[in-house]
């Protein structure tokens, strides 16, 4: 029997939040792959962003040096995470903020709900945050009678469409302009019925729809891209100005942040602010970045709460190989270059974290057994590693996590037998001959049993050659 | 045990003993001070992201403000140099104006703290000539005056010039979104028109 | 130079022509090729499927079998990638630092064929003749793990009679990915479909690459659809000369027997 000590690294609890899918990746992907519109939308969007991002990265002569610095800063951060969090807490507190610690999603949701209640609000406006999606904050707020309003355009599209996010940066990437118009016409109160599908017209509709909310909502909930331990400064990187609205207009601001988002020094921001926009939206700089330190008298919210969230991150940190996944700055470049993501889409990953980073982060946050198919949702092509601005070696983590995944018994038996055979050259040569002579598979492999039939459903198998190489060599 | 103790305990257990060695950070990228500010590059980058750029000598600011916002209501931060405002605008001084009043104005004129040439970015740090964050957010036109000596080459130079203890807003072009098919579209919640006056 | 051939289990068992071509090419260039017969499989399939413990014995075997040789060459970017980037990690995971050090040493002595030709032997014109329209697919592991870059293309450009046509979106994965092709057969097939579309758009007769595994996948698809486009390993093209037999080749489908 094992005892769980308080203070031992723990995975994210079940039954709350959105880290676990309902079905394994191959099954979910299978359904997504037949959706021609989804395939087209994803191909178009990811091709566009790859081109833009490549162009602005090409302008930076020291891109590789910035990546190397970023990796080292994050490695250093993880090695000193407890102390940096204590330093951050002290700095935020000194600047007039209040710091809360949440061991998991349940605690974080309760802290936020209580804070909103204490502020006497029944509505909060939200700026896109992966952490609050991860913990299912919206559901928790709704259960407490509080209405959450998503203000990011893509989040709004997802919320109005009663949909699920499918991309870190652009949660509605699976929707094209025509679909977005339909959703607005159906679900946006007071929308102009002559709305067209021009992106500028759609953006203007969102502007009109949310203006009143921004001006009248007293509590906002945000995430954070960075938190500087040295100064207590929080940073939110965004495009539309909804972030600025949420960070500036309300009386109370609640920021929910994964503990891995801390960086040691003010100067470190010079690295990440150069990497993030170019890797993410393919811009030299995103339209708006807001930074604030505690509370500024006379400017912006006069009550600031920072909620530091673990929810499985300590378990990720405990894995020497896997802890790199905590370096992620959520730019989504790895999604945009991933051939699997481009075809299967974000929903197939089940978790709020899709794509290559999701395939290594979600299983670690939940424990590999709860997301066992995700480490296999990759051809290990390595495009993600090349694209990642903080140089996370995603392929190596995928392989590492496969080693922790529960294996089907028949496969495990076959793999052990294969290893044994291949460690005995005589047996190995015999097996090669047997495979050739038996012709079990039939012509070009048709008639193989599952799971090998997965191969022959779309591909012929080679006919075994009359002679193996080693037979040829022996006769030479 | 508090949640704080639980989390810190978990993290210490996760790292184990001995702790992983702290990593040396190679800062082989271009640090602050590498290059001189290039005004033409700033103009190019601002224009590329759909900001409207004006250049003038010190005395010319008011004329440009007049051309852009003449006859309209303009929010004015408390420390804005008086000679920047032409008599033709209806000045609305920000003495803690309510949000609705700011939103009802046509535009806002501010100074800047720093501008970054390489990225086409304006930084506001809430100094009296820039004012509260809210005033540059709600009006639809933001006219920002940048002195040539405030322009730096790149992001590291900008961070070295500002202090984290003021609220900072980095602005690169008008409000925009990439949320529809990952294409940049200008004009969502922030000002849809950004004018930058560079004073040589 | 005395060169140990690391044949790879796949080429040994299913694609011996690629291995024979490697031998023929290196000998034609004046080198001695030896085949250490105790070699079997580098263990990549075990590692990448999540069986590092089972792979350990194969890593140990590989390191032992190739220890006596200064230069090891394989006609596979993927298997060389595994030797160079995975073997030491498998050993370390098992707590065997000595094996890890030996594996790292073996990794430094092991070359993928195009790397070996261009970097070590310093040749790009290997004297080959191959009168066909050919497109080249850079396999992911040779491209991103080994960074072979332009080397295969430089070799192909020097082949007499060969018309090289650029493959659109060449750097996109073909969808093979080892067990990925079986565990995620649908996604793998979707990726393959796009790769085939690009191959067919070149109107090439032959699609070549440095890995028999990816060629088995691409060729399997091209064959299933009866496209008439063949897949041929880079080594076979480079080994071909005016004296090679080409008439018989025309009968072959995408997947080579």
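As written, the chain order gives the labels A, B and C, with residue 1 at the start of each chain.
The criterion applied here is as follows: a residue touches a chain if its C-beta (ideal position, glycine included) is under 8 Å from a C-beta of that chain, and two chains touch if they have at least 3 such contacts.
Quick caveat: nothing in here was measured; it's all calculated off a predicted structure.
Asker: Connecting every touching chain pair, does the picture come out as line, ring, star, complete or other?
Answerer: Shape = line; chains linked end to end, path left open.
Asker: So which chain ends up in the middle if you average the CA atoms?
Answerer: A
Asker: Hey, which chain ends up farthest from chain C, C-alpha centres compared?
Answerer: Most remote chain from chain C, centroid-wise, comes out as B.
Asker: Could you please state the distance in Å, as a whole number, between where the Cα atoms of chain A are centred and where those of chain C are centred?
Answerer: Once rounded, the distance between the two centres reads 33 Å.
Asker: Could you tell me the distance, in whole angstrom, between the mean C-alpha positions of chain A and chain B?
Answerer: Each chain reduced to its C-alpha mean, chain A and chain B end up 29 Å apart.
Asker: Roughly how far is chain B from chain C, going centre to centre by Cα mean, in whole Å?
Answerer: Those two chain centres are 53 Å apart.
Asker: Can you pull out the residues of chain A that are in contact with at least two other chains?
Answerer: none
Asker: Which residues of chain B touch chain A in their complex?
Answerer: 1-16, 19-30, 32, 45, 49, 96, 99-100, 103, 116, 118-121, 126, 132-134, 137, 154-156, 159-160, 164-191
Asker: Which residues of chain A touch chain B in their complex?
Answerer: 6-10, 41, 44-46, 48-49, 52, 61-62, 65-66, 68-69, 72-73, 75-76, 78-82, 85-86, 95, 100-103, 107, 151-154, 157, 169-170, 172-173, 176-177, 180, 199-200, 202-204, 206-207, 210-211, 214-215, 228, 231-233, 239-242, 244-245, 247-249, 259, 266-267, 269-271, 273-274, 277, 281, 283-293, 296, 298-300, 308, 310, 314-315, 317-318, 320
Asker: Using the touch definition from the top, list the residues of chain C that touch chain A in their complex.
Answerer: Residues in contact with chain A: 7, 9, 11-17, 19-20, 23, 35, 37-41, 43, 45-55, 57-58, 61, 86, 89, 93, 140-141, 143-145, 171-173, 175-192, 216-217, 219-221, 223-224, 253-257.
Asker: So in the complex, the part of chain A that touches chain C is made up of which residues?
Answerer: 25-26, 29-30, 33, 39, 339-340, 343-344, 375-383, 385-386, 396, 399, 402-405, 407, 411-412, 415-416, 418-420, 422-423, 425, 428, 432, 435, 444, 451-452, 454-455, 457-470, 472-474
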